[in-house]
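Residue numbering begins at 1 within each chain, and the chains themselves are lettered A, B, C and D in the order written.
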Amino acid sequence: MKQYRVAIINVTGYIGAEVARLLHGHPGVRIVSVTGRSEAGKKLGKVMPHLSDIDLTIEAEHGEADLVFSSLPHKASADACAPLVRKGIKVVDLSADFRLKDAAEYPRWYDFTHPAPELLPAAVYGLTELRRSEVAAASLVANPGCYPTSAVLALAPALKAGLIGPDVVVDSKSGVSGAGRSPSLGTHYAEVNESVAAYALEGHRHLPEIIQELGAFHTGGPVSVTFVPHLVPMTRGILSSCYAPLVKGRIAGGQQGTAELLHFYREFYKDEPFVKIVDAPPQTKQTWGSNLCLLYPAVDPRADRLIVISCIDNLVKGGAGQAIQNMNLMLGFPETTGLQALPVYP
Amino acid sequence: MKQYRVAIINVTGYIGAEVARLLHGHPGVRIVSVTGRSEAGKKLGKVMPHLSDIDLTIEAEHGEADLVFSSLPHKASADACAPLVRKGIKVVDLSADFRLKDAAEYPRWYDFTHPAPELLPAAVYGLTELRRSEVAAASLVANPGCYPTSAVLALAPALKAGLIGPDVVVDSKSGVSGAGRSPSLGTHYAEVNESVAAYALEGHRHLPEIIQELGAFHTGGPVSVTFVPHLVPMTRGILSSCYAPLVKGRIAGGQQGTAELLHFYREFYKDEPFVKIVDAPPQTKQTWGSNLCLLYPAVDPRADRLIVISCIDNLVKGGAGQAIQNMNLMLGFPETTGLQALPVYP
Amino acid sequence: MKQYRVAIINVTGYIGAEVARLLHGHPGVRIVSVTGRSEAGKKLGKVMPHLSDIDLTIEAEHGEADLVFSSLPHKASADACAPLVRKGIKVVDLSADFRLKDAAEYPRWYDFTHPAPELLPAAVYGLTELRRSEVAAASLVANPGCYPTSAVLALAPALKAGLIGPDVVVDSKSGVSGAGRSPSLGTHYAEVNESVAAYALEGHRHLPEIIQELGAFHTGGPVSVTFVPHLVPMTRGILSSCYAPLVKGRIAGGQQGTAELLHFYREFYKDEPFVKIVDAPPQTKQTWGSNLCLLYPAVDPRADRLIVISCIDNLVKGGAGQAIQNMNLMLGFPETTGLQALPVYP
Amino acid sequence: MKQYRVAIINVTGYIGAEVARLLHGHPGVRIVSVTGRSEAGKKLGKVMPHLSDIDLTIEAEHGEADLVFSSLPHKASADACAPLVRKGIKVVDLSADFRLKDAAEYPRWYDFTHPAPELLPAAVYGLTELRRSEVAAASLVANPGCYPTSAVLALAPALKAGLIGPDVVVDSKSGVSGAGRSPSLGTHYAEVNESVAAYALEGHRHLPEIIQELGAFHTGGPVSVTFVPHLVPMTRGILSSCYAPLVKGRIAGGQQGTAELLHFYREFYKDEPFVKIVDAPPQTKQTWGSNLCLLYPAVDPRADRLIVISCIDNLVKGGAGQAIQNMNLMLGFPETTGLQALPVYP
C-alpha cells in the first residue's frame, strides 16, 4: 500500500485527537506532524496519554504533508486551510468553514466574514455516502457537522424519493464530547450529570448546514427544518429523531408502511459499509467508537408521519471517522481502510 | 392540622417508596400501613434503607385508612382499588387503571378487560392544575402517567386557546427510574449507561392518555399525536420537547412570538405553585426531587411552529408528588403541604 | 420558635447554595442576605434556578445578621470571618481556615499565612457528634472538610477505645461536586465520566485535618494516616474505606469480631440522630441529599484488621448540612431542625 | 500468517462478546463457531448488534477448532473444558475453574467440587507478563480474574524484590460490567447510578487468587491480603489502590523514594508492551477499550508505605484482551497481534 504523510492541525481537541487515534491503525498513512499551539513542545502522550504510542512532539506549526486535517475552531480553520489549498495540498477541514456554499451565511451564523470565499464553490461537503464521487475528486473537503451527519443520512433518501413533504423536525440528543474539550459551566460534570437540557432553540449553527444539504435532495424548493439539539449525560453518541409528513399515496400506513420503508432504505444504502438499516430502534451504544450510522425508519401508524431514528458516534462518523473515510477516497484507498473496528460494547 | 391515616399499597417499587418518602414530612397524615407482597414481614427500612426512619413493617394486606395510594402494576391495581372505592375509601391510583375513560382502551393498550368499568366515569384524571375542582371532589383519582404530565401541561394551554393546530409531536427523554424497579436487560446498568435509545415507536401505553387529555382541551375534534419516548442515562427526570404548527394570525413570528407566548403561558399558570414558566430552556436537574414542572414555550423563527420544552422529575410531579398534591385537595389541605422542598442541585 | 437572621457569604458555589436550599425549610431562621461577588446584582433564582423560591438579590457585601455562613475559598474566608468574630457575630466557616489548630500548617498546606491566628484556639472544629458541647458554646465554628467527616466518624470510636493501632489507611471515593463549581479540565464532563482517578498521593489538604482530629482521640501519640482520595463519576457522595490494625486481645476474629464491633459502634453512637450503624456495607445513594452518615465496621477475617465503610453526602453531612447542625446548637434549636428530609432514592 | 480456527463458548456474556469483538481484527485466526445456549439458533448480530459484521449463527454446541475460549460461569466451564483438554485441544478458560492450584479451594470459595482436579497442576495462570514462557507452552490457560490482574501486576514486583512486607491492602474500584450481563437489582441502572458501594468484605472470590499469585512472588511465607472491591457508576474499568508497608532500608522516603520506585518498576516491566509505568496517578479512562495496564507506584511521604495505583479495562486486560494475549503466545503469534488498538478517549 502506498504511504502518504498526513498532518493534524490542533490535535489537542477531542476531534483532532480522535483523528490521531484512528489513523494510528491505518496502514497507508503516517502521521508526520501534529500541532496544538498552547501545548507546543510537549510530547503528544504527555497531553493525551491514550496517544502515547504515537511518538510525536506537538508543534506550533505543522510540517510538510500530503494531506492535512484541520480541527481548528471556525474562522481559524479557514485561515489555516486556505493557503494549503492554494498550494495544492489536500485538506480535510473538520470545522464549519467550508461547509456552507453561501459566503453570506458566515457572518450570520458564525460572526465572521469568510477570508476565502473563492474556495467555497470547489469545496465538497463530505457526507461521503451522498457525495462519494465528488469527495474522491476533491482537494478540499468540508467534513460535515455531527448533527447534520445524523439528520441528512436519515432524511435525504425519503426526501429525494418524494416520500415526505419538505417540513421536518429534527430532535437530536448528543453526548457532551460534542461541546469540545474547553471547560465551561455548561460542560462541568456536576451540571451535566443526571440532567437533560434542550438548547439553541433560536437556531443552532448546524441548522443552515442541514437546510442546505436536505435542500440538495429536494426538487420542489427549500426545506423547512425545525432543529432542536439536546445535551444528554453521556460522553459520546448522537441519536436524532426525525419527523416528517408522509406524502399521500406513496407509502402504506402502519406496519406495512414501516416494512416498505425498511425495504426502501435498505435499497438506498445497500452498498454502504457504514450505514446499516436496522430492524428495531437503535441505541447510540451500538455505534460507540465506530464509524457506523444506524437508521431505523418507521411510519407512525396514527399520524401519516415518517419517523427516522438515526444513531452515530459523534466523534467518529460525526467527525474524525468520516474525515478518514473522506481521506481514503481522496488518496485512493479502499473506503473502509483503518475504520473497520467494531463498536465497543457495552 | 387534622390528622388522616393513609396506606400505601406496593411500597417496594420506586413510586410507592417515593410516596412514603414525601409523606414522611407531611404534617397532616400518618402512614399507617405499607404493603409489598414479596417482602411482607420485613421492616420497611430493611428493604428500603432510605426509609428506615419510618418505623413500619411491610404487610401483605393494608390496614384501615382514610386514603389509600396504590402503586401496583396495571390490572392488579384496579383489582385492589375497586373494592376500596365501593367502600367509600378515598383512593389515589398511581397505575393507569382509571386514567382512560373508554373501557375498550384497556384490552387494546394493556391487554386486560377492565374489572370495574362502572368506576371509570367518576374517576378523575388527576393532572391537578387542569382539573383542580374535580380532584378536590373526587373519591377516586387516577394519577397521570409521567410522560402525559409533561406533555399535557406543555400543550394544553396553546391548544385550548387555539394557538396551535391539533397535530403535535411529543419527543420525550426519560431517566431510567421510569421503567420501575424490576431488573431487566433493558435497565441493566451496562446496557443503559453511555447510550440513548428510542423505543415504543409503534405506540407507547401513555399515548392514549395524551390523546384523551389533549383532546379535552381542543374543541375542533381529536388531536393527532406522534409520541416517541427515549431512555437517557440518568436516574430521574423527563424532558419533553413538544412541537405543533402555529395557527396563522395568532402569534407573531420570531422573538416577538416567543415573548407573546411567554406572557400567555405565564398568565395561564399564574396561580400555580408548581408550574413555572422560565426564560430559557430548562434542564431536568432544575426539578430534581421536587414537584415542579418547568415550561419554556418558543416560536421557531423559521418554521411557524410552536416548541415547548417541559421538565419534571418523573417520580415526583410525574408520580408520587402529584399524587400527594391530589391527596391534599381531596383531604382539604393546602395544595403544597409536604411538597415544598426545593429541587436538589447539583 | 425564635427567629434568627442569617447571611450566606458566597452563595454561588455548591456549598453556599446547599446551605440556602436546606435553610429554606428551617422554621427558626430567615436568610436575610446572600453574597457572590461576580454575580452581585442578579436575582438568586437567575443564577441558581433551583433557589428561585428564595426571593433575594445577590449582593456584593452581606447585611446585618445574627449568624453568618461563609463558603468562601480558603484565605478569603479567614479575611471575611475574622472581623465578624471580633464583632461578636456568630460564624460557621465552611472553608478550612479555622480547622487547623497550628497556624504553621496554613503556609504548609494552603500557601498563605493565617491573618488571624489568635482566633484559632477558640474556633471549634465542628464535627458535631464528637464535639457537641463545644459547638453549642462556640462563636466560631470551623465546619469540617467532607473527607475528614467521613473518616473521623469512622475511626474515632475504635481509636478512642484502643481497639486499633495508630496507623490507618483511608481510601476515599468522592463525587465530583466536591471539586466545586468552577470549571476545569479535571471536572469537565467528558474527562470525568466513565473513569475513576486517584489524586493527591503526595498529600491532600484534608490530611492534616484528619491527623489532627484522629490524634485528639488517641492517647498514645500521633496517628499515622495514609489518605488517598479518588474521583468517581457521580455528582454527590463520599464513601471512605478505612483500614487499621486491630490491637490484639480486644476484638474477636471473624464474624464474631464483626458482631462485637457493630455492638460497640451502636453503643458509641446510640443517641446520634444522623449517624447510623448499618448491618451491611452501605452505598452512598442511601445518604443522597440527607445529613446522614452510615457506618459499617467489620473485622477482616484473615488479617487482624478493622475495616470501616463510611458513607455521607459530601455536600450535606460533609458540608452544608453539618453547618446547619452546628448552627442549630449555636442558636439553641433542636439539633435536627431543618435536616429531617429523608435521603432521595433512587 | 498461519490461520487457526477458534471457537468461543458462551459468546452472549460481556466477556465472550469482547473476545469476539477483539478477534474480529486478528489476522491469524478465524472464529468458526460461537455458542450461547439460550440464544442458540439466532444470528450473532441479532443478539449482539455490535457484532453484526461477524456472520455466524449462535449454536448450542461449538464445532471443531484449534483453540477454544470458554467464558462460561464457574463449574460449567470446568465441565466444558476438561474434555477438550483431554482431547488435546488448546483452551483458554476465562472462568475461575483452573486458576486455583489447590482443588480444596473450590468447595470453599465456589461451592462445587472440582470435576477435573488432575488438570489443575498443568493449567497455567495466564497473567502473561509474569508467566510468559509457561503460557507459551501451555495447553490449558486459566485466564486471571479482573481484580487479581490489576492487583498482582501492581504488587508482584515490589514483593519479589523484597521492598515490601507481606501484608497488603487492595482497595479496588470496578465498573459495573464486571458483574456480567445477567440483570439483577444490584446492577439495575437506578440502583447503581450516582452511588458507590463496597461489597464482599467477608471475602470476595478473587481473594484466594490474589493470595496464591502474590504468594508465588514472596519467598518468606504467605502474604496477608485485605481485599475490598467497590462498585462505581461506570461501565468499564478497574482502578486498584494497593497499600503495603515498606521494608526499612530499601527505598528512600518521600519524593526520592517515589523516583526510585518509578525507576524500579520501569526496569521490571521494561519490555512489556501492555504495562506502562506512568508519571502521575492514572485514571481508568486512559485504558478504555485497550489491553493496557497503567501503574503508578509512590511512597507515602509520611507513613513508610508503598502505594501503587493500577488501572485496567476490566473486560480487556482484565478478561478478553489478556485471553487473546495468551492465545497469541500459545499459537506462536507476536504477543500484541490484534491488540494494538489505542484506548478510546474521551
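Keep in mind that, in the parts below, a contact is a pair of C-beta atoms (placed from the backbone, for glycine too) under 8 Å apart; a residue touches a chain by one contact, two chains touch by 3 or more.
Predicted, not measured: the structure shown is a model, and the values here were computed from it.
Least step count on the touch graph, chain B to chain D: 1. Judged by contacting C-beta pairs, the busier of the interfaces A-B and A-D is A-B. Seen from the C-alpha centroid of chain C, the farthest chain centroid is that of A. Chain A and chain D have Cα centroids separated by 36 Å.
Our note on geometry: chain A versus chain C, Cα centroid distance of 46 Å, whole angstroms.
The residues of chain C that reach two or more other chains are 14, 175, 177, 181, 190, 193-194, 233-236, 282, 285, 288, 346, listed in rising order. By the touch criterion given at the top, residues 167, 169, 171, 173, 175, 190-191, 193-199, 201-203, 224-226, 228, 230-237, 239, 241, 243, 255, 281-285, 288, 296, 298, 300-303, 305, 307, 309, 311, 346 of chain D touch chain C in their complex.
Within the complex, the chain D residues that touch chain A are 14, 17, 21, 24-25, 48-53, 177, 181, 193-194, 235-236, 276, 278, 282, 285-286, 288-290, 340-346. Remark: chain B residues 14, 175-177, 181, 183-185, 187-190, 192-194, 233-235 touch chain D in the complex.
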